[in-house]
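The next part holds the structures, each set out as structure tokens.
Common to both upcoming complexes is chain A, partnered first by chain B, then by chain C.
What follows is the complex of A and B.
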């Protein structure tokens, strides 16, 4: 995400960008559990039924140079409209159509979530669990931090 | 030349049924699930994703199961599957500097900001078969002594950071704008190929071929004297800009291995002596692949750096047109198909040549006898 692009976003776009990222990254099973517990059954119309495709992922030469096409990744997208007219969309890595539908529904409901209730019940705990998983991986990695010593050899003296 | 044949349907059906039976193996043993392959043979899965050029661990594990563990066959299956899916555009360029590090080492700098993190590695193991894994049940896991209780610090890119003296080439010039890279899945490679196209080709290239080429380039067939500047593995966020939103959204994480090699460079008419860089990246935990890509990537820069192109490892067309294991396997394997008509005609020709040779020898003998 380029910084220039980011600065022009409105507060509501930034909020939407954030929850779409969290919902896409959380493991499907966890998302469905959290979603089912909320017992939400909004009326909606499918604008674009969940559809599986590929996106070409770009990386950069040397990590920070010119972009190049690295490899494709499977992705599922979906778009729905609530009876209120609000559009919800999803773009999630992988081939889980159910997850794509859930994320699209959540996206629409979160846009109407003026009292931040759904944000608190869905996005906040899922984001916390993503962070916990990342922390656990970082803790594992930090156990393997190494200090090498260079030995002075006799002939160098 | 291959000429189409007809018939044999029943035998082919039976052969495929036999293949399925062989793949299943002894039915007294539990059948391997795709989830088990994905969880317990992750490095095999990573190889299939890399050369299949599709990041989807579950599909790669399924392909491995279907192919009885044959990596090249599994890669072929994944490549075939990808052609059935629509393309939803291109991602934003990854920011690998923001990688959540799980392993990060440098062969050039002992002390670097963020430190050296070994992660999960086969390095420093004794390569002795572990018969505990052969026994039933869970292998005992040794209790780990915490080596460090410090949390991980940010790990900036080593080569950029330690380049204050300017002795290492930069991967990007001041104010350089992004160009849209060519995509070799959409248009064929033309020579000389841009660096971006070469990298795309190498990342999906056969690991064994690239490993051998990089080995050759260091053994004297490429004038390469590399150091592993940095090798890192971890998760990187993937984002794209959906048309209907107009801003980037993250779609998930990708586990990647990245390698930067530094090579000495004696300088040219326009460039002072300095270290040049070779870059490699691979899906999953694929260190050998990422290192091989980086080494071959650097060897293929010979032309652009004004070095003499003297070896196959530096020859773009030789390397890039032979990296693809699906193409290579296809061409070698097609020899198994019936070439009956073709071979028959060559047989005829050899017979005729022999007859002609015999006749001319007899004639020569007769002429010599006449003398």
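What follows is the complex of A and C.
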């Protein structure tokens, strides 16, 4: 998404974008554990039962070149409606229907989460663990970091 | 146009098998014109669309089938939102460019504006899906033609006489023409272009 598009989003849309990103990226096992610990059993109706499909991933060379079709990836999507009427949606990578359903339920509940309680119990810890995993990986990679430099060879003089 | 999330209703519970059952019923209806089918696989439709028309739309429409909505149905945001969300069908302004036309009996389009196909490609025609108040086998129309051993009786409520006249007149242009699917709250029936319709004046 380009920067121009993002400026038109409202604060609540940005917040939703953020938690959907965290929930989609977190490993399924960890999400289910955290979700089960909360012991939430909302009543809901399936608007679009979890379904698996393909989507085309587009990319730009160097982040600014012409967009090109990079590859297709498998995604699972789902939409549910709580009895209160709030719609929750999810798009997650892979073929895990249970994860798609959990994310959709969490999305709906997070929209109703006016006191930020669920945000604190679910999204914040998961985001912290995502960040920790990213940091660990970066630290791991930095051990083998090589700095390239060129000695002055005096040719330009 | 965007999708209004608060207006979305459920699609098929099991998209593959439910879709196949509705398609099977439609196939029977098309191959045996006037034979009533009742595949009730869905509880409610969006807005003014009944559950029966909605399941037909779910089974037939997808991203490759441009759909035209009659004025009254197009004005209903619930219908266009759900068609976009569940079927991904492009919605066209002119029935001439539509693979399917969706309308209510009170709001039927002028048949001559629909795409009847061409002599070379009669299969490119628009299929008309009409939501009607009642369908029964009471004698009103006598249907004859392919798929009917002798004759079959059919009564469809709520249709204007202009529409019926146009439908009968369109038979002259065979193999071009319009295939119709009529959906009441719980019953569907098809009248393809090959079926001849005779109105029984005595049966009225």
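Quick note on the criterion: the second predicted complex is superposed on the first by the 143 of 157 C-alpha atoms of A that agree within 3 Å, B and C clash if a C-alpha of one lies under 4 Å from a C-alpha of the other, contacts with A are read in each partner's own complex, and residues count from 1 in each chain.
Here is the rule we go by: a contact is a pair of C-beta atoms (placed from the backbone, for glycine too) under 8 Å apart; a residue touches a chain by one contact, two chains touch by 3 or more.
Note that the structure is predicted; figures quoted are calculated from it, not measured.
Clash-free side-by-side placement of chain B and chain C is the outcome of superposition onto chain A. By the document's definition of touching, of the two partners only chain C reaches A:85; chain B does not. In the superposed model, B is the one of chain B and chain C that contacts more residues of chain A. Once the two complexes are overlaid on the shared chain, A:134 sits against chain B while remaining clear of chain C.
In the superposition on chain A, no contact is made by A:36 with either chain B or chain C. With both structures placed on the common chain, the touch criterion links A:46 to chain C but leaves chain B unconnected.
In the superposition on chain A, contact of A:142 is made with chain B only, not with chain C. By the document's definition of touching, of the two partners only chain B reaches A:69; chain C does not. When the two structures are aligned on the shared chain, A:124 is found in touch with neither chain B nor chain C. With chain A used as the common frame, chain B approaches chain C to a shortest CA-CA distance of 5 Å.
On chain A, the surface patch touched by chain B in one complex and by chain C in the other comprises residues 51, 79, 87, 89.
Looking at the complex, you find that chain A touches chain B at residues 1-2, 5, 9, 13, 16-17, 20-21, 24-25, 51-75, 77, 79, 87, 89, 91-95, 134, 137-148, 150. Contact residues of chain A toward chain C in the complex are 45-49, 51, 79, 81, 85, 87, 89.
Within the complex, the chain C residues that touch chain A are 5-6, 8-11, 13-15, 85-86.
Partner chain A is touched in their complex by these residues of chain B: 49-50, 53-56, 58-59, 82, 85-97, 100-103, 110, 115-120, 144, 146-152, 157, 159-160, 171-172, 176, 178-185, 195-197, 199-200, 203-204, 235, 237-240, 242, 244-245, 247-254, 256, 258, 260, 277, 279, 281, 283.
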